[in-house]
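Here the chain labels run A, B, C, D, E and F in written order, and each chain numbers its own residues starting at 1.
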Amino acid sequence: MKVFCGTANRALGEEVAAELGFPLGRVTIRRFEDGEIYARFEESVRGVDAFIIQPTCPPVNENLMELLVMVDALTRASAGRITAVMPYYGYARQDKKHSPRAPITGRLVADLLQAAGVHRVLALDLDADQIEGFFQIPVDHLRALSLFAEYLSGKDLSDAVIVAPDDGAVKPAYQLAERLHLPLAVVFKRAQPYGGGMLTQVVGEVAGRVPVLIDRIVDTPDRMCSALDAIREQGARPEAFVCATHGVLVEGTVDALCRDDVREILLTNSIPIPPEKCRDQVTVLSSAPLLARAMRNVHLNESVSTLFG
Amino acid sequence: MKVFCGTANRALGEEVAAELGFPLGRVTIRRFEDGEIYARFEESVRGVDAFIIQPTCPPVNENLMELLVMVDALTRASAGRITAVMPYYGYARQDKKHSPRAPITGRLVADLLQAAGVHRVLALDLDADQIEGFFQIPVDHLRALSLFAEYLSGKDLSDAVIVAPDDGAVKPAYQLAERLHLPLAVVFKRAQPYGGGMLTQVVGEVAGRVPVLIDRIVDTPDRMCSALDAIREQGARPEAFVCATHGVLVEGTVDALCRDDVREILLTNSIPIPPEKCRDQVTVLSSAPLLARAMRNVHLNESVSTLFG
Amino acid sequence: MKVFCGTANRALGEEVAAELGFPLGRVTIRRFEDGEIYARFEESVRGVDAFIIQPTCPPVNENLMELLVMVDALTRASAGRITAVMPYYGYARQDKKHSPRAPITGRLVADLLQAAGVHRVLALDLDADQIEGFFQIPVDHLRALSLFAEYLSGKDLSDAVIVAPDDGAVKPAYQLAERLHLPLAVVFKRAQPYGGGMLTQVVGEVAGRVPVLIDRIVDTPDRMCSALDAIREQGARPEAFVCATHGVLVEGTVDALCRDDVREILLTNSIPIPPEKCRDQVTVLSSAPLLARAMRNVHLNESVSTLFG
Amino acid sequence: MKVFCGTANRALGEEVAAELGFPLGRVTIRRFEDGEIYARFEESVRGVDAFIIQPTCPPVNENLMELLVMVDALTRASAGRITAVMPYYGYARQDKKHSPRAPITGRLVADLLQAAGVHRVLALDLDADQIEGFFQIPVDHLRALSLFAEYLSGKDLSDAVIVAPDDGAVKPAYQLAERLHLPLAVVFKRAQPYGGGMLTQVVGEVAGRVPVLIDRIVDTPDRMCSALDAIREQGARPEAFVCATHGVLVEGTVDALCRDDVREILLTNSIPIPPEKCRDQVTVLSSAPLLARAMRNVHLNESVSTLFG
Amino acid sequence: MKVFCGTANRALGEEVAAELGFPLGRVTIRRFEDGEIYARFEESVRGVDAFIIQPTCPPVNENLMELLVMVDALTRASAGRITAVMPYYGYARQDKKHSPRAPITGRLVADLLQAAGVHRVLALDLDADQIEGFFQIPVDHLRALSLFAEYLSGKDLSDAVIVAPDDGAVKPAYQLAERLHLPLAVVFKRAQPYGGGMLTQVVGEVAGRVPVLIDRIVDTPDRMCSALDAIREQGARPEAFVCATHGVLVEGTVDALCRDDVREILLTNSIPIPPEKCRDQVTVLSSAPLLARAMRNVHLNESVSTLFG
Amino acid sequence: MKVFCGTANRALGEEVAAELGFPLGRVTIRRFEDGEIYARFEESVRGVDAFIIQPTCPPVNENLMELLVMVDALTRASAGRITAVMPYYGYARQDKKHSPRAPITGRLVADLLQAAGVHRVLALDLDADQIEGFFQIPVDHLRALSLFAEYLSGKDLSDAVIVAPDDGAVKPAYQLAERLHLPLAVVFKRAQPYGGGMLTQVVGEVAGRVPVLIDRIVDTPDRMCSALDAIREQGARPEAFVCATHGVLVEGTVDALCRDDVREILLTNSIPIPPEKCRDQVTVLSSAPLLARAMRNVHLNESVSTLFG
């Protein structure tokens, strides 16, 4: 078993290696002056159970191509088995044709990975479970739920309510509510027919409660902020926790989320959070222990599902 | 262009052929005494643009295998292009792993069709749009929405409301509402945490209105009936229309749906509705014109999406 | 090594497991109300050398699909190697085009199994050896000959003759004759040209001898019965043994075979023989020890061919 | 439509082209001094419906590789469709494992042709019909039966009998008998158990009749000669016709077949018969018209099966 | 036939369309805020012979991914045939393993294109001819030679010499010399063994002659400049023409090439040359007519090789 | 680990086995009278790490087909991993299209090997490094350089110069020079434009030195002899060493190379050198130790690249 790391999230790779108790495998990755990627493994990988840690976060195309190039080199160097550890799977939201003559890029990425020679994928909180079905190879699909549950259980949440900021987030919200024995609320938002504006509706009781919003991805602030507005109107307390597994965080998002009525923003390190985005309100939970345990079990052919409930 | 029909829905095939203005191609399909399927095409298919109409409705495995056998025979007989016309796609709900070590049979079926030699699929109201991404071949995905819209526009619906009986049905309900310029309501139903029973909630105004419930599939009556109960409690008028593209209708379902507060049950003929289920309240709309137009356009390389907007 | 069993022949699976000395792996297989199959493995199969025992006997399409669904679930659950143990291979007789524009379903089934993810097949007395060539994966092809030879060697056969009821059965008959040091006779039956009726001819001496008829499959009684008639006319003793590996036995077959001139009907349990067909004259030999030894050797990478002559 | 010809049977290629009414396409095929094959097409094949006539007769490996090299060149030169016209399919008798750890080379050849880029195969009298099932691409399987039937119908055969020299030849013998309204006889030959020598048996009446022996391949003289001996003993007239589609004719075979009791040896030109083997008794029937008609129909997408029923 | 254009070289696409006499097909390409690419074709492509013009020049990974996404959308929208027109093929120099455990990215890119659904590739001056062999699909490989030959033939070159700046450039230099009836010189440069510095040697007569240097790619100025130095020392006239098909031109390259002894730098527009690099000395020759003629011939199934010598 | 050997170079196989310390695996290979190849493995190969030693030297097509047949048999007999050890890779020089509508047979051979089931290739001094990129499977590419270096280091080469007889041989010549700390010379030979004859030019100092010429293949004597002539003219000493990894040696080549000015011809046994070609001047170096070490390391998953520098 050897673990390699691309350049997308080197810090996470180091942490995972530390958890596993051995150093990252040596690989040289560089870009030629014209931007072409080059990778060379500096130690034998012959017959090895190789893992590459590489979330395909922005810059998504660079990170994806880097992963593919590394996989090609491993294949040609006779690696025994190649697992792409993708804590963030770019293009996951392109999982269906949003209009005629559009691509399904989430499937395309699956095909590219398999064409390059990947034998299995280890993913974290995919945007849609159907993405597993885009692959012919096994996908181990981990959930960050336990990270948030554990962290939050150290807080006083006697009066809290778990809030799904959108109907697409009902599933993780429901699971967190169950785990923490807390009630659930959902914010629905839909365009009204014939240009009637947006209809926002809060289902469930939030008045006087500490809201804990949870979603899989935060890229722009819109969804979270309008949910915060809606529950605020319904009387929720201005001490919200905002949780999301993947902090894509395009320009301006952190600023917008650091509102007065938000007490803490919880993210994981599936995507590197640069220092300038690590405001006081932001807490980054590490997915490294989770990934490391899963990788070890994959290597030892022990159950992954039983580990993480 | 030749159109063939398996045994799953012969009546639909005949209707489609009538729409197209030429007879169904001749094919002999029989079962040996041990249940093995045999198919033989009785006219040359060499270089032909061949369509096989075969919904994989119950008995799903028989109908699927029959389709695969026909495709194999067409391939070996040098058909030019083979389109599987599947007005109902069995196993569509098995589109993700519902638990660890479960199959994704919706994807498996896609693989089987492609292994047998299918070049394209023409489907109607798939249960999840991601199923298109399970295929590497093109999928033309038709919508039955216009059938319902057209039929209902002949009724007096001045006071009606479109109702999604479940959050999984929000999408077709929303589209129908938009098409008919009617308001929308949604019935949410979720298990409460820690065995707290089911929470049913109606979002949107239904009191005093004629409810039009719409979903993609009706197999058992549970979902529709509990939605009917819920809106009834909220004061909806007892003259509901219940619409579903695919009438899988397991034993007892029609009985349960023919309630006093249901005025009409609208289904399409994607799946054959046997006479004993064709009660007075049941209206079967034909998908044949829709399928025929799509097939003709596929054959002529004309746009399918523009036709059915 | 873990052994799982579909629903096609659960009793055989239990027997094989008993021979191997460990219990069958736990798997839940059920059918939804609409007939769709669902399978979930209840224990980890990660990296396991997995065997699925599933003859594709009638209902052939149900059993085949069940096998494919189980294979898909195993693949996605990261099984190390998947062997389909198919004591009976349905559609084996569809091994060539019987007429223009017909399928070669025996090949199609091979493609479907490989598309689903099967790595090897363990078969028993395939109807044509060429079926091995339909696969790209290895096929271990076992012979039930030793079962019949062993059982019959406990009988007084000093005066017996091995009879091939048809020219298609010459090969197993010849092998049994060689094994038991008995003479051979063959019944030929062919349609005469220009509607001249059937020509039945017995080659070899049968007068005054105990006939032992052997074939691979008995589905309808016709072939065996007309062979019995033919040798009876030639003076064979009315104490025939009728042997067949696979008792497909469509309605009425057992009745027809239980003639006065038949002393015993020998079948294997490759296909479950329901109680009502287990007449006094019927003896079912278990293929479980043979299958178990082959499976163990496959698992241990020991020779299968040397084991079974 | 363009027709090219390898070096295996250039004369046949020329004849086919003459039948079709246009010249063979220009292709340069040569061998370097070290034996490597080189092929270059001397005219554009872009989008063309290309046929390559190349029986894989001895030297089988040279002819097969030449065919594969030509196919590769056609593929890379953007041919629209590539049909391998193989009047003789080498390795057809390797259609099953004759012993453990043996190859199934008939299937291997199918895989090689498909790997090189062949889209369809046109074959003549394959040794086993199952070979069609070794391909995923369409195989048009022609029969030389009509050639023999036509030629023989010009002879006085009022007193003749069609003889299958072996049980493997029953099928073509039966079909010829039916076509010519003649009776049928079969020579069976099997090793007796326990070293008891060969058992040869003639089924059917041959005494006083002109025998017409027919088989698919004649490579060594053994089978035909021992059949001739056997029917001679049964009183057949010493004026036999010996027919075989494929005259592989290893060293000494023609000598051995030119016996006093053989009147005429009928072969087709699927394999080139060199002048020194064209004895007075040998008649070579041309398969060119048959092949040409089939190729034209393939090109025009007209039925092939109806033509040659 | 429809021609689409990615964002890599829109100007070239427009020029090609103008040559062909019809407008570019409409396609919307955009990047989401997180950098993910989205493409949607705005007109029907069903059955169309589609061409996508997209050199994979820097930013190479962005341009490659954009091409793959467009191909996926075309495939799913039922395009009849998809040709990737890649005037510049990124990663072409990664055509072998430069050290152990390195990738062969030139082959990987070929696999990715084929996995996405490309049917053929149209390339211009690939860095190694073997790259054609990395594809299973046809590659039409155009040469820019005629562009340079034509342009230069308008100059007074009575006293010129064609110079290969490196042994890797001998082939295009030789061909240009032959075309223009000019002598040839080659600059060799090799590292001396044991750290002996570089050995630069000019083979052929350059003294007093106008040098015309030609290569396939200019990315950094080193190779050209040291060749210019070497021939200058040998007495070449300070009026050099410097030709290269692909102007990758990393930062500082144009500056370095615009020397006093260089009269003109000839590039093609395979890669867009930004205005700030278009110095007075730089002439950009359009490859659009060449590409347009090749595309038309590909579409019409006319020979491409005959067109361009 | 079991090592098998085809008939192409049985002596080499025996030597490799001796190096490895265990006998060659038993396999029967024969040719039927019609030239078809048959192979049967005489010992179990189930799960075995199998190596087949078979250079595809002349007769190249026979040797290639024999290799493919052996691979098919191994695959069907459940070998665990199959490595084709090809000390000489026939068709390596067909690595690009030498003219329009020509094949790329070097790639075709790669496809055929993979279609038959080869998992990895072990090659020696391929004619072009790009051939590795023709495979999707790993290729271990050994170099014979050390054999020549070791042998020559036992000679007095104080005054020698390494000579590349052609620009295609610069790479091995350069590496040998570096290894032996000797100077380098290159003989360039190019056709002059417009029929101006051949231009031969020697770059580097050869006068008074012992020349050591090195190339990968010697098939015809032309290249070596004209290089010898050229350096002779420049004053090289008439005591040349001529080295080549692969002695293809077509008729007359050895005669032509055994010139007075050649002291010794060094070849490896990658291709069997028949006794009549083993003149006194010819020394055959064994590649067996090199191959054996590589095979052992491949089997043990130890680095191959580090072993051989």
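The rule is simple: contacts are C-beta pairs under 8 Å (C-beta built on N, C-alpha and C of every residue); 3 or more make two chains touch, one makes a residue touch a chain.
Given the structure is predicted, the values throughout are model-derived calculations rather than measurements.
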* To do: In contact with chain B and with chain E at once: which chains are those? Just list them.
  => A, D
* Moving only from a chain to one it touches, give the least number of moves from chain A to chain D. => 2
* Determine the set of chains touching chain B that also touch chain D. => C, E
* **Equivalent of B-E within the choices D-F, B-C or B-D, defined by over half of its residue contact pairs recurring** => B-D
* To do: Just give me the whole-number Å value for how far the CA centre of chain A lies from that of chain E.
  => 40
* Asked: Between chain A and chain C, what's the gap in Å when you average each chain's C-alpha atoms?
  -> 51
* Just give me the whole-number Å value for how far the CA centre of chain C lies from that of chain E. => 63
* Residue list for chain F, restricted to those that touch at least two other chains -> 44, 76-77, 97, 100-101, 104, 107, 111, 132, 136, 305-306
* Asked: What chain-chain pairs meet the touch criterion?
  -> A-B, A-C, A-E, A-F, B-C, B-D, B-E, C-D, C-F, D-E, D-F, E-F
* Asked: What does chain C use to touch chain D in their complex?
  -> 95-97, 100-101, 104, 106-107, 111, 128-134, 136, 141, 167, 170, 174, 177-178, 181-184, 186, 188, 190, 193-194, 201, 203, 303, 305-306
* Structure fact -> Listed in rising order, the residues of chain C that touch chain B in the complex are 33-42, 44-45, 58-62, 64-65, 68-70, 72-74, 76-77, 90-91, 93-94, 97, 99-105, 107-108, 111-112, 114-116, 219-220, 248, 250-251
* To do: Report the residues of chain D in contact with chain B in the complex, numbered from low to high.
  => 120, 132, 136, 138-140, 297-298, 301-306
* Give every residue of chain E touching chain B within the complex, in rising order. => 44, 46-48, 75-78, 80, 117
